[in-house]
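Read through the structures below before going on.
Below, subunit A partners subunit B and then partners subunit C, in two separate complexes.
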Partner chain A sequence: MSIVTVQLGQCGNQIGFEVFDALLRDSHSSHGLCCKRENEAYQASCKERFFSEEENGVPIARAVLVDMEPKVINQTLSKAAQSGRWKYGQHACFCQKQGSGNNWAYGYSVHGPRHEESIMNLIRKEVEKCDSFSGFFIIMSMAGGTGSGIGAFVTQNLQDQYSNSLKMNQIIWPYGTDGVSLFLKVSERPGVVALACNPSTLGGQGGQIRKSRDRDHPGDLMEHLVPHPEFKMLSVRNVPHMSENSLAYSTFTWAGLLKHLRQMLISNAKMEEGIDWHVQPPSSGLPSLGKMSLNKDLHFNTSIANLVILRGKDVQSADVEGFKDPALYTSWLEPVNAFNVWKTQRAFSKYEKSAVLVSNSQFLVKPLDMIVGKAWNMFASKAYIHQYTKFGIEEEDFLDSFTSLEQVVASYCNL
Partner chain B sequence: MTQSVVVQVGQCGNQIGCCFWDLALREHAAVNQKGIYDEAISSFFRNVDTRVVGDGGSISKGKICSLKARAVLIDMEEGVVNEILQGPLRDVFDTKQLITDISGSGNNWAVGHRVFGSLYQDQILEKLRKSAEHCDCLQCFFIIHSMGGGTGSGLGTFLLKMLEDEFPEVYRFVTSIYPSGEDDVITSPYNSILAMKELNEHADCVLPIDNQSLFDIISKIDLMVNSGKLGTTVKPKSLVTSSSGALKTQHKKPFDAMNNIVANLLLNLTSSARFEGSLNMDLNEISMNLVPFPQLHYLVSSLTPLYTLTDVNIPPRRLDQMFSDAFSKDHQLLRADPKHSLYLACALMVRGNVQISDLRRNIERLKPSLQFVSWNQEGWKTSLCSIPPVGHSHSLLALANNTCVKPTFMELKERFMRLYKKKLPFSLVTLSDIPIPHDLEQGVHFVACTRHFSFQISGRFL
Partner chain C sequence: MRGRRVDPAAGARAGALPEAIAALSRSLPSGPSPEIFRRAKFDRPDATSALWQLLFRVLSPLPAGSALASIALEVQARLVKSALCSQGYPRLALAQLPEDGSQGSRELLLALSWLLARGPVPEQMVAQTRVPLGDEMTVCQCEALASLGPPAPHMETEGPVDVRHVQWLMGKLRFRWRQLVSSQQEQCALLSKIHLYTRGCHSDQSLGHLSVTEAEMLRDPEGGQQVSGAGAAQNLDLAYPKGLHFSCTPGMGPRTFWNDLWLVCQQPGLLPGDWAAPLDPGGASACSLLFPLRVLLRTLEHENRRLEAVLAWRRAELVFWQWMDTVLGTCAPEAPAAASQPTFLPWVPECGDGELELVVRELRTLEEELREAAERRRVAWEAKARGCGRGPEWSAARRACRETVEKELGALQRCWEQDRSPAQAHGPHRLVRREDGAAGDRDLRAAELIRTLRSQEACLEAMLRQLQGQCRQELARLAGALPGLIWIPPPGR
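Coming up: the complex of A and B.
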């Protein structure tokens, strides 16, 4: 059940490193809180899934690093080697000299086709190394040139060549005041699931979500959370958020953690801090008919499907009834189908108890809408367009992307 | 890693260039303790084994033998270049990369552009090709020149067209020194306007700088340091302005301090491309993010802090002060007030021990007082390089694509019109027997265009 990670661009590579590091640190952590046998099984499966064995015992990450300029890859490779606990494969990286200049068109139309063969070869070699290959994890940012441009190109290729395996894109959303030439071109392709991550809640989450997949086939994740190809934007939230220093002095109860998590879901909060406790699901339990009525506050986050992953002490006693409330979900999926929970006794890293929520819900509507709005403004003023037409992206391509994105926003809005 | 070639044209260009190379060597010496020729150094220097005869002997790895600057020095009179070749930096320059003549351009754009342009076209092309061949992956040409003279202005801009034709994929970043109000050259308005037209069409990015602003900045620093206002917190000699510890001779030349500022500007501009950092920004990203329309590529720059503090632990207030200063009109390298004009885009290149959260916090703090064009409200591009400049713990370079360049251009146009109306001193200009008036008309047209553009942007799109 191995997963190959493709790290693209500066952001992708920096985050990829953090994820592998977190994975291995957790794997070796001593607070297993479960019996030895289970711990060993966990460690073994974690290793097998994300690392391959080397002769002298240092695990090699199953990853392909791609960037159009060498600085970040060099940094990432050396950081991994320095840690002594793991490293990247020697020939697992592809890099060029010039970078993509923050230009999606350059990444997609120039670098993509030019280096298609080399990159796909590298990926194929990694896949061949796996005994049983289950899917790809693609980490990229939206705002840059390499991550977003080559990321889109590579994802397309992977879809063509490996149509049966899962492809999960972890995309890093641009920060509010970032990205001068913000141009979003997310091509919607079947089988690709987008996991949007805000830069404020990084590597730990990535580590969490991937660990959780130790127990089940990643395909299950897709099945549970993506019932319809039109809706495949997932978000990840986890609790508790705490600095390592305070962990020793805090205790958690499942009830408390789950209550917070549920409220984070319905009020669309990204972190435990500053949750809006006023937001409540509609009281009658029946979602309002027809269009969203005004008092069903747009703050309320309707979900299509949710998955809660619980890890740690006394996990069997945790009560997740709160998540089965039909008011949280759309009308076309029964809560019993829409909600799933995975439990494991083995704790994550230093957290005695932790809970992760992976949700397919309306959380992305506002940010997406905002970005589309800004991009449209720029496009209407024809700003920066010459930088893209230089590389073959014409105005019709822009218009097509706008249309498909508006469609996604509308679909999610009408839940 | 990519390489860049510096082309210094004319007296001003060469003097600034000299300061730049001196500073670059010092910076790399401070960072690279082991003396190994690495990718950072290779962006501006070649490693050559001088014992090998001929052109070969380029070493790509291993210890540094002898560094040669990736530079082409062009001047139509010998004085300045000779002085460089006799000075302490003589070994840094490859004698085959020089083009000189004897008589000079006589402060005449037409002579520089047409006469010397056609005379030396092939030679220049050959030198440029040679330097490009020495590069693994050439990304950018940096052209340093002044607008008011003859060679820098005329020949410098002639180069641009040539570079665009020969190396279309390579970026052309031009550092132009604009004439100030009290300029010592009478024909400088003509030269500048004619050069502007070329810059407008053939440059990727222009960093306009004027002498008066540089002078004001130097005076302000001197005042600060000498008045003892900041007490013992300020080191008397800031590396931004002084070349103490440099290889050059002790007695300072008049423009040294000012040239040093420009040299620092170029170093900071390329720092993220040369050194590592948590948020890299390459040169092609500058052009991509800051140039929304092809002809509006004039970036007003500002450099802070201008003096070094002796206290190494900088409290956050000082850091915030650094950001505030970057937007004040006293710190701009051009006579301009970006705060009261319209921003099209802004880049902040930070060096040193600064966190991304500090960056964000300051952007949030300063945003309300700045006006951005309506379709680019979040028009910020940021970069973080971990290596600070020599002698500082952190620094900030702000590049603003802002309509505040308008007054400079308008003033230039006014001075030009005053001369032109009196047909003064046409006799000098028509010396070269070329239909100058046509070009002049075009030049004026360009300035009018810029004004039109900026008006458009501020008027229509606001």
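Coming up: the complex of A and C.
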């Protein structure tokens, strides 16, 4: 059940490094809180899934690094090698000398096709190394030219060539960016899931989701959360949210953690601080029309499906009933089908207890709506269009993309 | 069962019946004792749960394994009922049996004999649980087409169904299907590797390499205990052979498998080529092979006993059918199946509360009224639609439609058959990797089969595209008929 990670662009490569590092650190951490045999199984499956083995025992990450300029890739490679615990493959990276000039169209229409063969070859080699290949994680940023432009192009190619494998896109969305084009292209392709993340917590979150249980197929996650072709966007939240240094001075209860997590879900909070506790699920007595307007007023976040991953001490006693409330979910899916929970005694890194929520819900509606609005204004006033048309992106492509994105926004709004 | 009018003089000696039933029992997996059958004739409750379980094993599409044992009796009973219903079982009394195993053993016995009369059940059961020594796959699709699908779940539509829910379920199916396809691909790749790496290891020159079962026996002699009836290595089409199911065992990844296999193949005297030679009991290397070989031998002997039981059953079954006639005779004659759906009234607890009785009465009157109203409307509708379903133009249109479909089907079949080599036999074939040109006359070549399948696939895809195009045109026409409507196609597949 191995996963190949494709790191694209500056952001993708930096984040990718953090994820692998966090994975291995967790794997070696001693506060496992579970029995030895379980710990060994956990470590073995982590290694097998994300790393391949070399002769001298240093694990090599199953990753392909792509960037149009060499600086970040070189930094990433050397950081990994310096850690001594793992490294990237020698021939697993592709870079050029020129960069993409922060232009999505340049990345997508020029760099993409030009370097398609080399990049796909690298990926194919990595896939062939896996005895049991399950899918791709594609890390890229919404901003910039390489990550987003080439990222979109590579994702499309992967969809064509590996149509039966799972693909999960982790899209880093730095606040305040208007990266419409990437989103449109990526969400158009089925089988590809967009996972918009907060960059600061991505390392830990990425590690946590990926390693939740030994025997889980990543397909389980996708099957539980994103089988519907119109609803393919996931968000990730985790608690507790604090630096590892302060952990020693804090204790947590499952009840407290889960309560916070649930409220983060309902009120669409991105971090644990500043949760709006006034937002509550609508009471079931209201007719559905009333429910929708009430939701809009109080910013209640309706979910389609949720997956909660609990790790740590006494995990069996954790009570997740709060997540099974039908009021949290849309009317056409029962909580018994919409909600899943994975539990494991094996704690993550230094966190005695931790909980992750992977959610398919309305969280992205507002931001998407906003950037579509902005993008449309720019499009209507023909600002920057020549940057795109210069490289072969026509106005019709824009219109198609806008339509698809509006459709996504509308589908999520109508939950 | 009515059709089997047997000669009463045949096989009517004392003791023939218990022997026949015993043979039947031995040939079925976990078959109940003849005593259970006897009790069932008299409708004794203690025979019920054993018969439910037997019917479940016979009707269940799942391969054998411990997973089956953990399914609750109620669930098994429900699945049995819906499976029998979908196969067209005529007796209504079975559908009305309680699912807790408290009564109805005679009905279950009748159901079992109905199944036995319809098809070669014991033979099918033996085929399902055998241990294939080689790696097999079937090339024809008859089995897949003939096998009845899993029993339909008990569906109750309460009101309109949200299409998004259906899309959700479709998406889940698609994910599962994709996982299945990629697992099969992975399995094929691994099989190929095993065949390649164990070249020259087999004593049988015509085969030349080990199969998965053989390789697994060498690699893991203690684990060879698993190579038996339940959880046995199965046909490629059905499930993972044990040797390829890596991810289940903690810590054992594909690398350890290859390491172990390599070590084993490297050691002198361990190759199966030496199996034929007399084993030196004192030699350590010989001992490590004895255990798995013994296990395999036991498994094969067990299979032989099942086969002999099947043969004995076939010789003695007349006696059984005579006896079943007597069982049927003891049943009360069944009322003819009601033409309309049985009415479902809400179940009201018998609390003796006067108000509840009133409610029940009101519900009944309401239901009567509704039924009459529905009947009136149905009659009116039929009168209105009478011209549509009948009449010369309608039947002509229907005939034309049928002819078109038959023509298309015929074209499709011809397109398939022209590429099919006549020598394709049915049933499983053993996979053997050979050098080019070394294949015998009666062997099927994988390349040819692949070509045939590819051309069939191309035909079907062309047909699919054509039908999709027709759908699209029709939708565009419908959308175009409404002015001001903008047609946004859904995101591409």
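The rule is short, and it goes like this: the second predicted complex is superposed on the first by the 390 of 415 C-alpha atoms of A that agree within 3 Å, B and C clash if a C-alpha of one lies under 4 Å from a C-alpha of the other, contacts with A are read in each partner's own complex, and residues count from 1 in each chain.
Quick note on the criterion: a contact is a pair of C-beta atoms (placed from the backbone, for glycine too) under 8 Å apart; a residue touches a chain by one contact, two chains touch by 3 or more.
Just so it is clear, the structure is predicted and the values come from calculations on it, not from any experiment.
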Is the arrangement of subunit B and subunit C around the shared subunit A a clash or a fit after superposition?
fit
Touching partner for A:75 - first (subunit B), second (subunit C), both, neither:
first
Touching partner for A:98 - first (subunit B), second (subunit C), both, neither:
first
Check whether A:10 is in contact with subunit B, with subunit C, with both or with neither, and answer first, second, both or neither.
first
Vertex subunit A, arms to subunit B and subunit C (CA centres, degrees, nearest 10):
150
For A:384, is the partner it touches subunit B (first), subunit C (second), both, or none of the two (neither)?
first
Contact-wise, after the overlay, does A:407 reach subunit B, subunit C, both or neither (first, second, both, neither)?
second
Is A:133 touching the first partner subunit B, the second partner subunit C, both, or neither of them?
second
Applying the touch criterion given at the start, work out whether A:374 contacts subunit B, subunit C, both or neither, answering first, second, both or neither.
first
Superposition result for subunit B with subunit C: lowest C-alpha separation, Å, rounded to 28
Under the touch definition given earlier, write down the residues of subunit C that touch subunit A in their complex.
162, 164-165, 167-172, 174-176, 178-179, 181-182, 185-186, 190, 246-248, 250-251, 253-255, 488, 490-493
Taking the touch rule as given, give the residues of subunit A at its contact with subunit C in the complex, in rising order.
1, 37-38, 40-41, 44-45, 48, 53, 131-134, 164-166, 187-190, 214-215, 217, 219, 222-223, 226-230, 331-333, 337, 403-404, 407
Residue numbers of subunit B touching subunit A in their complex, please.
1-2, 39, 136-137, 139, 276, 278-280, 282, 284-285, 287-294, 345, 360, 363-364, 367, 374-382, 461
Subunit A residues within the subunit B interface of the complex:
10, 14, 69-72, 75, 97-103, 145, 175-182, 374, 377-378, 380-384, 386-387
